[in-house]
Amino acid sequence: MEIMQVTGSLVCTQRVPGLEHWNLRVLRNTKGKLSVAVDPVGASPGNWVFTASGSAARFACGNPETHTDLTIGGIIDFWEPDG
Amino acid sequence: MEIMQVTGSLVCTQRVPGLEHWNLRVLRNTKGKLSVAVDPVGASPGNWVFTASGSAARFACGNPETHTDLTIGGIIDFWEPDG
Amino acid sequence: MEIMQVTGSLVCTQRVPGLEHWNLRVLRNTKGKLSVAVDPVGASPGNWVFTASGSAARFACGNPETHTDLTIGGIIDFWEPDG
Amino acid sequence: MEIMQVTGSLVCTQRVPGLEHWNLRVLRNTKGKLSVAVDPVGASPGNWVFTASGSAARFACGNPETHTDLTIGGIIDFWEPDG
Amino acid sequence: MEIMQVTGSLVCTQRVPGLEHWNLRVLRNTKGKLSVAVDPVGASPGNWVFTASGSAARFACGNPETHTDLTIGGIIDFWEPDG
(Lines give C-alpha, C1' and ligand atoms only; values in the text may rest on other atoms or scores of the structure.)
Protein backbone atom coordinates (compact mmCIF):
# COMPACT_ATOMS: atom_id res chain seq x y z
CA MET A 1 0.00 0.00 0.00
CA GLU A 2 1.15 3.56 -0.59
CA ILE A 3 1.45 6.45 1.86
CA MET A 4 -0.43 9.57 0.71
CA GLN A 5 -1.91 12.80 2.08
CA VAL A 6 -5.49 13.96 1.54
CA THR A 7 -5.61 17.33 -0.24
CA GLY A 8 -9.31 17.77 -1.06
CA SER A 9 -12.52 16.34 -2.48
CA LEU A 10 -13.66 15.85 -6.05
CA VAL A 11 -17.04 16.90 -7.43
CA CYS A 12 -18.27 14.93 -10.48
CA THR A 13 -21.94 15.05 -11.45
CA GLN A 14 -21.46 12.79 -14.50
CA ARG A 15 -19.94 9.45 -13.49
CA VAL A 16 -20.25 5.69 -13.94
CA PRO A 17 -23.08 4.11 -11.89
CA GLY A 18 -20.83 1.91 -9.74
CA LEU A 19 -19.26 4.88 -7.92
CA GLU A 20 -22.32 6.91 -7.10
CA HIS A 21 -22.54 6.94 -3.30
CA TRP A 22 -18.82 7.18 -2.51
CA ASN A 23 -16.81 10.19 -1.42
CA LEU A 24 -13.91 10.77 -3.78
CA ARG A 25 -10.76 12.28 -2.26
CA VAL A 26 -7.84 13.89 -4.07
CA LEU A 27 -4.59 12.53 -2.62
CA ARG A 28 -0.96 13.56 -3.09
CA ASN A 29 1.84 10.99 -2.79
CA THR A 30 5.29 11.77 -1.42
CA LYS A 31 6.48 12.83 -4.90
CA GLY A 32 3.62 15.31 -5.39
CA LYS A 33 1.58 13.20 -7.81
CA LEU A 34 -2.22 13.58 -7.47
CA SER A 35 -4.64 10.63 -7.52
CA VAL A 36 -8.34 10.11 -6.82
CA ALA A 37 -9.45 7.52 -4.23
CA VAL A 38 -12.68 6.18 -2.77
CA ASP A 39 -12.83 6.96 0.96
CA PRO A 40 -14.65 4.43 3.18
CA VAL A 41 -12.97 5.59 6.42
CA GLY A 42 -13.82 9.30 6.53
CA ALA A 43 -10.43 10.98 6.07
CA SER A 44 -10.04 14.78 6.26
CA PRO A 45 -7.77 17.12 4.28
CA GLY A 46 -4.28 17.00 5.77
CA ASN A 47 -4.60 13.41 7.02
CA TRP A 48 -1.89 10.94 6.07
CA VAL A 49 -3.45 7.70 4.86
CA PHE A 50 -2.39 4.46 3.19
CA THR A 51 -4.12 3.30 0.04
CA ALA A 52 -4.82 -0.07 -1.57
CA SER A 53 -4.69 -0.23 -5.37
CA GLY A 54 -5.75 -2.78 -7.99
CA SER A 55 -8.27 -5.49 -7.14
CA ALA A 56 -7.71 -4.88 -3.40
CA ALA A 57 -9.23 -1.43 -3.88
CA ARG A 58 -12.49 -3.01 -4.96
CA PHE A 59 -12.57 -5.40 -1.98
CA ALA A 60 -11.72 -2.60 0.46
CA CYS A 61 -15.04 -0.89 -0.39
CA GLY A 62 -17.04 -3.83 0.96
CA ASN A 63 -18.41 -4.44 -2.54
CA PRO A 64 -15.93 -6.02 -4.98
CA GLU A 65 -17.87 -4.64 -7.95
CA THR A 66 -17.17 -1.02 -7.02
CA HIS A 67 -15.43 0.69 -9.96
CA THR A 68 -12.35 1.91 -8.17
CA ASP A 69 -8.64 1.16 -8.48
CA LEU A 70 -7.61 3.16 -5.38
CA THR A 71 -9.22 3.07 -1.94
CA ILE A 72 -8.12 4.56 1.38
CA GLY A 73 -7.29 1.65 3.72
CA GLY A 74 -6.70 3.58 6.94
CA ILE A 75 -5.66 6.85 8.56
CA ILE A 76 -2.07 6.75 9.84
CA ASP A 77 -1.69 7.66 13.53
CA PHE A 78 2.08 7.32 13.54
CA TRP A 79 4.78 4.89 12.55
CA GLU A 80 7.76 3.56 14.43
CA PRO A 81 10.94 3.88 12.41
CA ASP A 82 13.79 1.37 12.65
CA GLY A 83 12.46 -0.85 15.43
CA MET B 1 -7.92 6.75 -10.05
CA GLU B 2 -5.89 9.14 -12.20
CA ILE B 3 -6.74 12.65 -13.37
CA MET B 4 -6.46 13.08 -17.17
CA GLN B 5 -7.64 15.32 -19.98
CA VAL B 6 -9.40 14.13 -23.14
CA THR B 7 -7.42 15.08 -26.28
CA GLY B 8 -9.21 13.18 -29.06
CA SER B 9 -10.70 9.96 -30.37
CA LEU B 10 -9.05 6.87 -31.82
CA VAL B 11 -10.08 5.14 -35.06
CA CYS B 12 -9.22 1.41 -35.28
CA THR B 13 -10.95 -0.76 -37.85
CA GLN B 14 -9.01 -3.90 -36.87
CA ARG B 15 -9.51 -4.70 -33.19
CA VAL B 16 -10.30 -7.50 -30.74
CA PRO B 17 -14.02 -8.46 -30.61
CA GLY B 18 -14.56 -7.47 -26.96
CA LEU B 19 -14.08 -3.74 -27.64
CA GLU B 20 -16.22 -3.30 -30.73
CA HIS B 21 -19.04 -0.99 -29.66
CA TRP B 22 -17.06 1.34 -27.37
CA ASN B 23 -15.77 4.83 -28.05
CA LEU B 24 -12.01 4.99 -27.51
CA ARG B 25 -10.62 8.32 -26.26
CA VAL B 26 -7.02 9.47 -26.28
CA LEU B 27 -6.19 10.97 -22.88
CA ARG B 28 -3.18 12.94 -21.63
CA ASN B 29 -2.13 12.77 -17.98
CA THR B 30 -0.60 15.65 -16.05
CA LYS B 31 2.90 14.64 -17.25
CA GLY B 32 1.93 14.63 -20.93
CA LYS B 33 1.77 10.86 -21.36
CA LEU B 34 -0.93 9.62 -23.80
CA SER B 35 -3.22 6.65 -23.07
CA VAL B 36 -6.31 5.13 -24.66
CA ALA B 37 -9.50 4.63 -22.59
CA VAL B 38 -12.99 3.27 -23.05
CA ASP B 39 -15.54 6.07 -22.53
CA PRO B 40 -18.94 5.07 -21.05
CA VAL B 41 -19.82 8.61 -19.85
CA GLY B 42 -19.58 10.65 -23.08
CA ALA B 43 -16.61 12.94 -22.45
CA SER B 44 -15.58 15.62 -24.95
CA PRO B 45 -12.11 16.85 -25.95
CA GLY B 46 -10.84 19.28 -23.32
CA ASN B 47 -12.81 17.65 -20.47
CA TRP B 48 -10.89 16.69 -17.34
CA VAL B 49 -11.84 13.18 -16.26
CA PHE B 50 -10.71 10.55 -13.76
CA THR B 51 -9.93 7.04 -14.94
CA ALA B 52 -10.07 3.57 -13.39
CA SER B 53 -7.34 1.12 -14.39
CA GLY B 54 -6.81 -2.63 -13.98
CA SER B 55 -9.73 -4.92 -13.21
CA ALA B 56 -11.85 -1.91 -12.14
CA ALA B 57 -11.72 -0.71 -15.76
CA ARG B 58 -13.51 -3.85 -16.86
CA PHE B 59 -16.22 -3.51 -14.21
CA ALA B 60 -16.71 0.19 -14.98
CA CYS B 61 -17.93 -0.74 -18.50
CA GLY B 62 -20.90 -2.63 -17.08
CA ASN B 63 -19.49 -5.85 -18.55
CA PRO B 64 -16.49 -7.29 -16.68
CA GLU B 65 -15.37 -9.16 -19.80
CA THR B 66 -14.70 -5.97 -21.77
CA HIS B 67 -11.07 -5.99 -22.92
CA THR B 68 -9.99 -2.70 -21.42
CA ASP B 69 -7.45 -1.73 -18.77
CA LEU B 70 -8.48 1.96 -18.64
CA THR B 71 -12.01 3.36 -18.43
CA ILE B 72 -13.24 6.90 -17.83
CA GLY B 73 -15.03 6.92 -14.44
CA GLY B 74 -16.46 10.44 -14.49
CA ILE B 75 -16.12 13.99 -15.76
CA ILE B 76 -14.66 16.35 -13.14
CA ASP B 77 -16.78 19.42 -12.43
CA PHE B 78 -14.34 20.91 -9.93
CA TRP B 79 -12.41 19.94 -6.85
CA GLU B 80 -12.05 21.61 -3.48
CA PRO B 81 -8.41 21.93 -2.52
CA ASP B 82 -7.24 21.77 1.11
CA GLY B 83 -10.61 21.60 2.85
CA MET C 1 -4.55 1.13 -22.96
CA GLU C 2 -1.11 2.18 -24.17
CA ILE C 3 -0.02 3.29 -27.65
CA MET C 4 2.96 1.28 -28.98
CA GLN C 5 4.69 0.37 -32.23
CA VAL C 6 5.46 -3.17 -33.40
CA THR C 7 9.21 -3.67 -33.92
CA GLY C 8 9.54 -7.43 -34.48
CA SER C 9 8.69 -10.96 -33.38
CA LEU C 10 10.08 -13.11 -30.58
CA VAL C 11 11.28 -16.70 -30.95
CA CYS C 12 11.11 -18.82 -27.77
CA THR C 13 11.25 -22.61 -28.02
CA GLN C 14 11.11 -23.11 -24.25
CA ARG C 15 7.99 -21.49 -22.77
CA VAL C 16 5.08 -22.06 -20.39
CA PRO C 17 2.27 -24.24 -21.86
CA GLY C 18 -0.43 -21.55 -21.76
CA LEU C 19 1.25 -19.42 -24.44
CA GLU C 20 2.11 -22.05 -27.01
CA HIS C 21 0.02 -21.16 -30.08
CA TRP C 22 0.29 -17.36 -29.88
CA ASN C 23 2.46 -14.99 -31.89
CA LEU C 24 4.62 -12.88 -29.61
CA ARG C 25 5.46 -9.37 -30.84
CA VAL C 26 8.15 -7.04 -29.54
CA LEU C 27 6.67 -3.56 -29.08
CA ARG C 28 8.25 -0.20 -28.34
CA ASN C 29 6.35 2.48 -26.43
CA THR C 30 6.70 6.20 -27.04
CA LYS C 31 9.63 6.38 -24.58
CA GLY C 32 11.59 3.60 -26.33
CA LYS C 33 10.88 0.86 -23.77
CA LEU C 34 10.51 -2.66 -25.24
CA SER C 35 7.75 -5.11 -24.17
CA VAL C 36 6.45 -8.46 -25.41
CA ALA C 37 2.75 -8.86 -26.28
CA VAL C 38 0.41 -11.58 -27.51
CA ASP C 39 -0.99 -10.61 -30.93
CA PRO C 40 -4.54 -11.82 -31.74
CA VAL C 41 -5.13 -9.21 -34.50
CA GLY C 42 -2.22 -9.86 -36.88
CA ALA C 43 -0.13 -6.69 -36.60
CA SER C 44 2.97 -6.12 -38.76
CA PRO C 45 6.29 -4.43 -37.91
CA GLY C 46 5.85 -0.66 -38.10
CA ASN C 47 2.14 -0.76 -37.18
CA TRP C 48 0.98 1.48 -34.34
CA VAL C 49 -1.26 -0.48 -31.99
CA PHE C 50 -2.90 -0.06 -28.59
CA THR C 51 -2.37 -2.68 -25.90
CA ALA C 52 -4.38 -3.95 -22.94
CA SER C 53 -2.44 -4.93 -19.82
CA GLY C 54 -3.25 -6.79 -16.61
CA SER C 55 -6.29 -9.05 -16.42
CA ALA C 56 -7.75 -7.40 -19.56
CA ALA C 57 -4.83 -8.88 -21.51
CA ARG C 58 -5.99 -12.37 -20.61
CA PHE C 59 -9.60 -11.67 -21.63
CA ALA C 60 -8.50 -10.05 -24.92
CA CYS C 61 -7.06 -13.42 -26.07
CA GLY C 62 -10.50 -15.03 -25.99
CA ASN C 63 -9.28 -17.38 -23.24
CA PRO C 64 -8.94 -15.75 -19.79
CA GLU C 65 -6.44 -18.43 -18.74
CA THR C 66 -3.83 -17.36 -21.30
CA HIS C 67 -0.60 -16.49 -19.50
CA THR C 68 -0.15 -12.97 -20.79
CA ASP C 69 -0.10 -9.55 -19.16
CA LEU C 70 0.01 -7.59 -22.45
CA THR C 71 -2.17 -8.14 -25.54
CA ILE C 72 -2.58 -6.06 -28.69
CA GLY C 73 -6.16 -4.72 -28.70
CA GLY C 74 -6.24 -3.16 -32.18
CA ILE C 75 -4.28 -1.56 -35.00
CA ILE C 76 -4.59 2.24 -35.03
CA ASP C 77 -5.78 3.70 -38.35
CA PHE C 78 -5.58 7.30 -37.19
CA TRP C 79 -6.69 9.51 -34.35
CA GLU C 80 -8.39 12.87 -34.29
CA PRO C 81 -6.55 15.31 -32.06
CA ASP C 82 -8.35 18.04 -30.10
CA GLY C 83 -11.90 17.54 -31.36
CA MET D 1 8.29 -9.80 -6.66
CA GLU D 2 10.28 -6.83 -5.39
CA ILE D 3 13.23 -6.75 -3.00
CA MET D 4 12.68 -4.39 -0.04
CA GLN D 5 13.95 -3.72 3.47
CA VAL D 6 11.74 -3.44 6.57
CA THR D 7 12.10 -0.02 8.23
CA GLY D 8 9.33 -0.03 10.86
CA SER D 9 5.70 -0.64 11.74
CA LEU D 10 2.59 1.42 11.09
CA VAL D 11 -0.03 2.33 13.70
CA CYS D 12 -3.54 3.02 12.33
CA THR D 13 -6.52 2.97 14.69
CA GLN D 14 -9.01 3.89 11.95
CA ARG D 15 -8.87 1.38 9.08
CA VAL D 16 -11.02 -0.73 6.77
CA PRO D 17 -12.41 -3.91 8.40
CA GLY D 18 -10.60 -6.35 6.10
CA LEU D 19 -7.15 -5.46 7.47
CA GLU D 20 -7.81 -5.50 11.19
CA HIS D 21 -5.69 -8.34 12.56
CA TRP D 22 -2.61 -7.89 10.35
CA ASN D 23 0.72 -6.31 11.19
CA LEU D 24 1.51 -3.50 8.78
CA ARG D 25 5.19 -2.94 7.99
CA VAL D 26 6.79 0.09 6.39
CA LEU D 27 9.22 -1.05 3.70
CA ARG D 28 11.83 0.81 1.66
CA ASN D 29 12.76 -0.36 -1.84
CA THR D 30 16.23 -0.06 -3.34
CA LYS D 31 15.42 3.47 -4.62
CA GLY D 32 14.31 4.71 -1.17
CA LYS D 33 10.56 4.68 -1.85
CA LEU D 34 8.40 3.77 1.17
CA SER D 35 5.43 1.36 0.97
CA VAL D 36 3.14 -0.37 3.47
CA ALA D 37 2.78 -4.18 3.43
CA VAL D 38 0.89 -6.87 5.30
CA ASP D 39 3.37 -9.17 7.09
CA PRO D 40 2.34 -12.84 7.47
CA VAL D 41 5.91 -14.10 8.05
CA GLY D 42 7.06 -12.04 11.05
CA ALA D 43 9.80 -9.83 9.59
CA SER D 44 11.86 -7.48 11.78
CA PRO D 45 13.24 -4.02 11.04
CA GLY D 46 16.42 -4.36 8.99
CA ASN D 47 15.34 -7.63 7.33
CA TRP D 48 15.50 -7.83 3.56
CA VAL D 49 12.29 -9.35 2.20
CA PHE D 50 10.57 -9.91 -1.13
CA THR D 51 7.02 -8.73 -1.65
CA ALA D 52 4.09 -9.84 -3.80
CA SER D 53 1.84 -7.11 -5.22
CA GLY D 54 -1.55 -7.04 -6.91
CA SER D 55 -3.94 -9.96 -6.59
CA ALA D 56 -1.06 -12.21 -5.42
CA ALA D 57 -0.84 -10.04 -2.29
CA ARG D 58 -4.37 -11.02 -1.36
CA PHE D 59 -3.72 -14.74 -1.87
CA ALA D 60 -0.44 -14.58 0.08
CA CYS D 61 -2.41 -13.65 3.24
CA GLY D 62 -4.24 -16.97 3.20
CA ASN D 63 -7.53 -15.10 2.66
CA PRO D 64 -8.02 -13.71 -0.86
CA GLU D 65 -10.47 -11.10 0.45
CA THR D 66 -7.84 -9.33 2.55
CA HIS D 67 -7.69 -5.68 1.48
CA THR D 68 -4.00 -5.49 0.65
CA ASP D 69 -2.04 -4.86 -2.54
CA LEU D 70 1.39 -5.65 -1.01
CA THR D 71 2.32 -8.64 1.16
CA ILE D 72 5.70 -9.87 2.37
CA GLY D 73 6.35 -13.25 0.70
CA GLY D 74 9.52 -14.27 2.53
CA ILE D 75 12.63 -13.14 4.38
CA ILE D 76 15.76 -13.32 2.20
CA ASP D 77 18.61 -15.37 3.69
CA PHE D 78 20.99 -14.70 0.82
CA TRP D 79 21.10 -14.85 -2.92
CA GLU D 80 23.63 -16.37 -5.29
CA PRO D 81 24.71 -13.91 -7.95
CA ASP D 82 25.62 -15.01 -11.47
CA GLY D 83 25.39 -18.77 -11.04
CA MET E 1 5.50 -9.10 -20.87
CA GLU E 2 8.89 -7.68 -19.96
CA ILE E 3 12.33 -8.70 -21.24
CA MET E 4 14.78 -9.50 -18.40
CA GLN E 5 18.02 -11.37 -17.74
CA VAL E 6 18.52 -14.02 -15.03
CA THR E 7 21.27 -13.00 -12.59
CA GLY E 8 20.99 -15.61 -9.81
CA SER E 9 18.81 -17.52 -7.36
CA LEU E 10 17.26 -16.47 -4.06
CA VAL E 11 17.46 -18.46 -0.82
CA CYS E 12 14.60 -17.85 1.66
CA THR E 13 13.97 -20.34 4.46
CA GLN E 14 11.09 -18.31 5.94
CA ARG E 15 8.37 -17.75 3.36
CA VAL E 16 4.61 -17.88 2.78
CA PRO E 17 3.24 -21.43 2.25
CA GLY E 18 1.99 -20.85 -1.31
CA LEU E 19 5.52 -20.48 -2.73
CA GLU E 20 7.27 -23.42 -1.11
CA HIS E 21 8.27 -25.70 -4.00
CA TRP E 22 9.21 -23.04 -6.57
CA ASN E 23 12.64 -21.87 -7.63
CA LEU E 24 12.97 -18.13 -7.18
CA ARG E 25 15.22 -16.31 -9.66
CA VAL E 26 16.66 -12.83 -9.36
CA LEU E 27 16.17 -10.98 -12.65
CA ARG E 28 17.52 -7.69 -13.95
CA ASN E 29 15.53 -5.62 -16.46
CA THR E 30 17.09 -3.50 -19.19
CA LYS E 31 17.35 -0.53 -16.78
CA GLY E 32 19.23 -2.53 -14.13
CA LYS E 33 16.30 -2.95 -11.72
CA LEU E 34 16.26 -6.28 -9.82
CA SER E 35 13.08 -8.37 -9.32
CA VAL E 36 12.29 -11.85 -8.01
CA ALA E 37 10.32 -14.30 -10.20
CA VAL E 38 8.99 -17.84 -9.98
CA ASP E 39 10.69 -20.02 -12.62
CA PRO E 40 8.59 -22.87 -14.10
CA VAL E 41 10.77 -23.25 -17.24
CA GLY E 42 14.25 -23.87 -15.79
CA ALA E 43 16.20 -20.75 -16.78
CA SER E 44 19.92 -20.39 -16.04
CA PRO E 45 21.95 -17.31 -15.05
CA GLY E 46 22.69 -15.26 -18.15
CA ASN E 47 19.53 -16.36 -19.99
CA TRP E 48 17.29 -13.67 -21.43
CA VAL E 49 13.66 -14.40 -20.57
CA PHE E 50 10.27 -12.71 -20.79
CA THR E 51 8.11 -12.42 -17.69
CA ALA E 52 4.37 -12.24 -17.01
CA SER E 53 3.24 -10.00 -14.14
CA GLY E 54 -0.01 -9.50 -12.24
CA SER E 55 -2.71 -12.17 -12.33
CA ALA E 56 -1.09 -13.77 -15.41
CA ALA E 57 1.90 -14.65 -13.19
CA ARG E 58 -0.34 -16.79 -11.03
CA PHE E 59 -1.87 -18.61 -14.02
CA ALA E 60 1.56 -19.19 -15.60
CA CYS E 61 2.54 -21.39 -12.61
CA GLY E 62 -0.19 -23.89 -13.44
CA ASN E 63 -1.88 -23.09 -10.13
CA PRO E 64 -3.70 -19.73 -10.02
CA GLU E 65 -3.40 -19.64 -6.23
CA THR E 66 0.40 -19.44 -6.29
CA HIS E 67 1.49 -16.31 -4.40
CA THR E 68 3.55 -14.71 -7.14
CA ASP E 69 3.24 -11.47 -9.12
CA LEU E 70 6.10 -12.29 -11.56
CA THR E 71 6.69 -15.55 -13.42
CA ILE E 72 9.13 -16.42 -16.20
CA GLY E 73 7.05 -17.19 -19.34
CA GLY E 74 9.83 -18.42 -21.63
CA ILE E 75 13.50 -18.31 -22.53
CA ILE E 76 14.22 -16.08 -25.53
CA ASP E 77 16.11 -17.79 -28.36
CA PHE E 78 16.28 -14.68 -30.52
CA TRP E 79 14.07 -11.99 -31.89
CA GLU E 80 13.68 -10.59 -35.39
CA PRO E 81 13.90 -6.81 -35.41
CA ASP E 82 11.93 -4.67 -37.88
CA GLY E 83 10.38 -7.41 -40.00
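As written, the chains take the letters A, B, C, D and E, and residue 1 is the first residue of each chain.
Simple rule for what comes next: a contact is a pair of C-beta atoms (placed from the backbone, for glycine too) under 8 Å apart; a residue touches a chain by one contact, two chains touch by 3 or more.
Treat the numbers as computed from the prediction; the structure is a model and nothing was measured.
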Open item on the list: I want to confirm something about subunit B and subunit C. Since they are copies of the same sequence, is their interface symmetric in residue numbering (over half shared, so same) or not (under half, so different)?
Closed with: different
Open item on the list: Could you work out how far the Cα centre of subunit C sits from that of subunit E, in whole Å?
Closed with: 19
Task: Between subunit D and subunit B, distance of the C-alpha-averaged centres to the nearest whole Å - done: 31
Task: subunit E, residues touching no fewer than two other chains - done: 53-55, 57
- [ ] Take each protein chain as a node, join two nodes whenever their chains touch, and name the resulting shape: line, ring, star, complete or other.
- [x] ring
Open item on the list: If the ring is traversed from subunit C in the direction of subunit E, what sequence of chains comes out?
Closed with: C, E, D, A, B
TODO: Sort out for me which residues of subunit E touch subunit C in the complex.
DONE: 1-3, 30, 40-42, 50, 52-57, 59-60, 62, 71-83
Open item on the list: Help me check something: in the complex, which residues belonging to subunit C touch subunit E?
Closed with: 7-19, 24, 26, 33-37, 44-46, 53-55, 57-58, 65-70
